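Could you have a look at this structure, given as structure tokens, before my questions?
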Amino acid sequence: MIQNKYSFIALIIFLFVGPFLFPNATITEMLIFGIVAISTNIMLGYTGMLSFGQALFFGTSAYISGLMLLGGFPLFLAIPVATLGSFIISLFVGYFCVKREGLYFICLTFAFNQMFYFIAYVWTEVTGGEDGLVGVERPTYIDSQLTFYIFTAIMFLLAVLALYKIVTSPLGLIFKLIRENASRAEAIGYNVRYYKLISFSIASTFTGLAGSLYVLIHSMVPIDQIHWLKSGDIIFMTLFGGVGSFLGPLIGVVGYIWLSDTFSIIWARWPLIMGVIFAIVVLYFRGGMSELLENLFKKYKAISRKTEHEQDIKNTKLN
Amino acid sequence: MNKILKIQNLTKNFGNVSAVSNISIEVEEGTIHSIIGPNGAGKSTFFNMISGVIPPSDGYVYYKDKDITGFESYKLPHMGIAKCFQITNVFPKLTVKENVWASIFSCSHKSKIDLFKSMNDFEAIDKETKKIVSDVGLSHKIDDKAEELSHGQQRMLEMAITLGAKPDLLLLDEPTQGLAPEATVEMTELIRQLSKKYTILLIEHKMHIVMEISKIITVLNFGEKIEEGSPNKIKNSKKVQDAYLGRK
Amino acid sequence: MTFLIISQILNGLGLGMLYALVGVGLTLILGVLNIPNFAHGVLYALGAYFAYTIAKITGSFYFAMFLSPLLVVLVGFILESQGVRRLYHAHHDYQLLFLFACALIIQEIIIIFWGPIGFSLLAPPSLSGAIDLGFLIYPKYRLVLICFAFFMIICLYLFLTKTNLGAILRAGIENRDMVKVLGINVNMVFLYTFGLGAYLAGLAGALSAPIMGLTPSMGLDILPICFVVVVVAGLGSIPGAIIAGILIGLSQGAATIWFPEATNVVIYVMMGLTIIFRPQGLFGVR
Amino acid sequence: MKVSFLYGLRLKMTTIFFSILFSISSSLSLSDTVNILGLFPFSGPYADSGKLTDQGARIALEEVNYTINGKKIKYVTRDSETKAGPAARRAQEAIDTEGVKFIIGPWSSGVALAVTEVAKKNKVMYYFSGGTEDISGKKCHKYAFMWAANAWTAMDADLKIFKKANPNAKKIYLFVVDYAFGWTLQKYVESLAPKYGLEVVGVDRHPLGHREYSTFITKAMSKNPDAVYMINFGLDAISAVRQLNNFGFTPKKPVIMSWSSGFEELIQLDPAARENLIVGSNYYYTIDNPDNKKFVEAYKKKFKGVPPGYAGAAGYGLMKMTLLGMQKSGSTEPQKVITALEEHKGKNFVGDFEIRGRNHQTVRPFFVLQTKKKNDMKNEYDMAEVVDVSSTEQPKNINMCEDIGSF
């Protein structure tokens, strides 16, 4: 609990300091993918389901909200409708996927993702196909970079609080039960498939919310946001940050985007570096960046405690 | 006396092999009814069919006169049937409290809204959790993770989870499996205590425990019921002795 | 029209055979090792690139076809023994992350060694050009490819049914714990399985090179198709993977006749139908 | 200088907190340098062209010794990955942190459309080259320019020169890559073909990134066309040409690669497979004029004797145009540079050109090449010769740019 308090304080500080650390568009994108990764972690870390199709919801919702904005609907209608849209789709897709476990679940979500990608790709009149959906204007009240950042930060905070509420509710506990021991959860009276669907829907709906915000960053929906490689990115960001804690994935997002932007300037073959980093994380720091930081923090504390202790000993000796 | 569980002609075939064939038993309310049999007698298959893990090939299961044959296992706790597993089967990364809490919550929450409330809003469940945990003697470990408990403690936790569902009928699958002698005694005592409150269907292959606490015993061998009756009757049954001592 | 249909069937078969080869490789790894091999695509690409280099150095196309898959097996062995082996007890997410990381690394290494621009690998003169079958003209290499891939599939079938190792692999797919119980060196079995999967991927890559050319991104292009083959076939079914691969190839051929824009979509439509009507896959065992 | 509130605030804060990270670059960049961004695909599906484009751009910068109008040029690059999302993010990032005022970048209409939104929003000039009509068409605006020849111009040139070389040809079969730019070209070809006495006997659209053309080829061959006219690019085109050769279509009958990068695509094909191709391209290194010779020499000298392809030329051309605008206006403010470029007439390494003010299209020659047989090649790069050049401008009435707007 205390640790959570610290991490929330750190989060608030990050929201204030972030715009000075990173370029505006980048930090805004980090927050948006922060929603995605934190919500994906509800499914991945808490419930133990690995979906390789989260870009499906991100992209679909982005298209819906983009189309509504283009059609002249107000933003405060577009975002809820798009989010609702991804919720409905998540129920449909999830219905088929949660019947299966493990590898099959991965394959199915992956396959659904590809299916939606091709729908978006072929249905050019609506989605713009290869070119994506362009020319979506931001409403004037969030047109400047600062106001848009504030808007995104508020949406981010709301989403994070909602997700935190879920995590600390009985529902969050049920998700953990399923991750730990699905057959036992079933035996004490939980319909595992049903709760898996809920978990899948929550993750997908919030991913959808993020997608509907993404439209506004660059005033467009590129088709690569619904491609399976994006789903991969989402998983990597989440794992990179670490699935062990609630806010860990955010560290992953910030790290992933920052590293990829930085390395891409240094060396054209930067995906190689990213690959090596991922491999190292998997083989040696499976808890991701958040655990690494936590360990460092602990070590630091242990050292300071040790020196304190030594100091005490010295003091007693002196006395 | 009221028959709480009636099983009629329960059969399970795996291909051409029948693991359980044509078993009928009736469990009286408020008793300990044991099912025994040597290894491979079909006890586990039988148990799994009752608890909804595998669907039977034939036959019926009635609980309180309601047909529950082939119900998915998650529905049973809500009707008052709880089961305890043969191998330790807890939620290792969660605390003892959470383990038991989740089990109580499962059958006691009324609406979907409860799912989204804060964990701190359920005083009644918290209280009950503490009570059950102390009943099984784990109060001092309540905030420890389940994986940090000793094996015997995990079995006790297992029992606590099962009791959390507030069942009328307890299905216990070899609760003393792999326990040290002292722990076995402890567990036997616990079961005896529990029988005051619950009807118990006990699957066990340790003869002495069963003899000690059961009211009625059903003996299975090669998937068939070979004998049924009071401990005394079983003790003196020739068929049972044959089965256990190895027949020629 | 018959001419068109026959040649489309041949086209579909050629394509399908390639899909079947990579699909079976992936199925083996998925089934026995229970890991999602996201590096399968780059192994396919490596097969093609090795073949290119060997053919360039030795001047022998056939030798390249022989040696390159074996080199890919070597890469597979390294991947398995140095990384994947440590992850058998980890969650799928870490396995996936690791294998995808390997895919990224290998793809970039391909760019570093062979450059970002693609190449062609020509079939030897005896196999290039088209042959006139009377009722249709068809490229020789493709006919040879179909026959050879068919031959390889028969070999694979014999290997799996007639040899001890094959029997162990099949048992492993049916029930992974069984292999452990039988007292077999599981590490060896896993290593060989990964090697065999890599061999099939590498072979398919090498065979495809004269038709589709070589590009660093060829691995990423084939990967989704591999997974579709597995989903349509049913997880862990080797005959299923072969048939699904060929079916997908054929349906792509058919789509070209009537609905050319949809040649890629048809794959996913097939998969969608499978998911809805037969969720365990056409030949799924679990 | 107009800086947004946040930007100004950041300048103050960074100098306090992160002086090493940002202050040096951003304070320098705002005062006495011109900052130009090269947004190229260094990774992703077009990874091959990023480096080449960058090389071309650097040649142009070296010619002016990285100075313009007395100011130092700071040239930065970013990886577009040929993905619109990262491209837009990195463009925005470069604008914010590096103070970039000019962006050049090639390839992919998706990326172009994303970056043009960024350019418009940030009032930054964007010079684009590559396959899309929208930059000087439907999505035209004051800040974006198009360097590649117009699609209509290109198709007109291809058909005209093909007919001239093959007077007996009557029937052509179209392979079209299935996305917006492909359809645009198809539309133009279908409307222009009758003008040159050609009949389109069949059209097959295939998905982008398709590698297997056997099914399309057999279908096409059953119609017995005199030529296959391909509207696809990069690897798709290469795969299709290779397989057309496998099937024995070429070299008996010609294949037209209507919108090709020329050098880069041809070099990936074996000489045997590239016989009898007619290739329409925005650039080929043997273009005969002094400016081009100078460029090719400089390029070869710097990069191991390999002549520039379209990517290198595009980098060079885009940079040249941007510099030209600066020279002409004597300014490094995007708006002044843009105004100076509008309706500019000149001559450079691709020949005579003219920049239309109404749609920001660079009206310039489009080249049609004929591939050489293996025996006629003088060296491995001597793959084709420029057979003709055409720069007919797209008729005004079919241009989709209705209003270029204002600053």
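Going in written order, the chains are labelled A, B, C and D, and every chain counts its residues from 1.
Rule of thumb we're sticking to: a contact is a pair of C-beta atoms (placed from the backbone, for glycine too) under 8 Å apart; a residue touches a chain by one contact, two chains touch by 3 or more.
It should be emphasised that the depicted structure is a prediction, and the values quoted were computed from it without experimental measurement.
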Pair of chains joined by more contacts [C-beta pairs], A-C or A-B: A-C
By mean Cα position, the chain sitting nearest the middle: A
Chain centre separation (chain A, chain B; CA means) in Å: 41
Chain A and chain C, separation of their C-alpha mean positions in angstrom: 33
Where chain A and chain D are represented by their mean Cα positions, the distance between them in whole Å: 36
Gap in Å, rounded to a whole number, between the CA centres of chain C and chain B: 49
Residue numbers of chain C (touch at least two other chains): 108, 111, 261, 264-265
Sequence positions of chain A contacting 2 or more other chains: 122, 269, 271
Pairwise chain contacts under the document criterion: A-B, A-C, A-D, C-D
Chain C residues within the chain A interface of the complex: 30, 34-36, 83, 86-87, 90-94, 96-98, 100-105, 107-109, 111-112, 220, 224, 227-228, 230-231, 235, 261-262, 264-265, 268-269, 271-272, 275-276, 279
In the complex, chain D residues that touch chain A: 4-7, 9-10, 13-14, 17-18, 42-43, 47, 50-51, 76-79, 81, 83-86, 88-90, 92-93, 96-97, 109-110, 113-114, 117-118, 121, 132, 134, 139, 178-181, 207-208
Residue ranges of chain A touching chain C (in the complex, touch as defined): 44, 48, 50, 52, 96, 99-100, 102-104, 106-108, 110-112, 114-115, 118, 122, 228-229, 232, 235-236, 239, 243, 269, 271-272, 274-279, 281-283, 286
Chain A - residues contacting chain D, complex: 19-21, 23-26, 29, 121-122, 124, 128-132, 134-135, 144-146, 149, 217-220, 222-225, 230, 260-261, 264-265, 268-271
Complex interface listing, chain A residues touching chain B: 165-166, 168-171, 173-174, 176-177, 180-181, 183-192
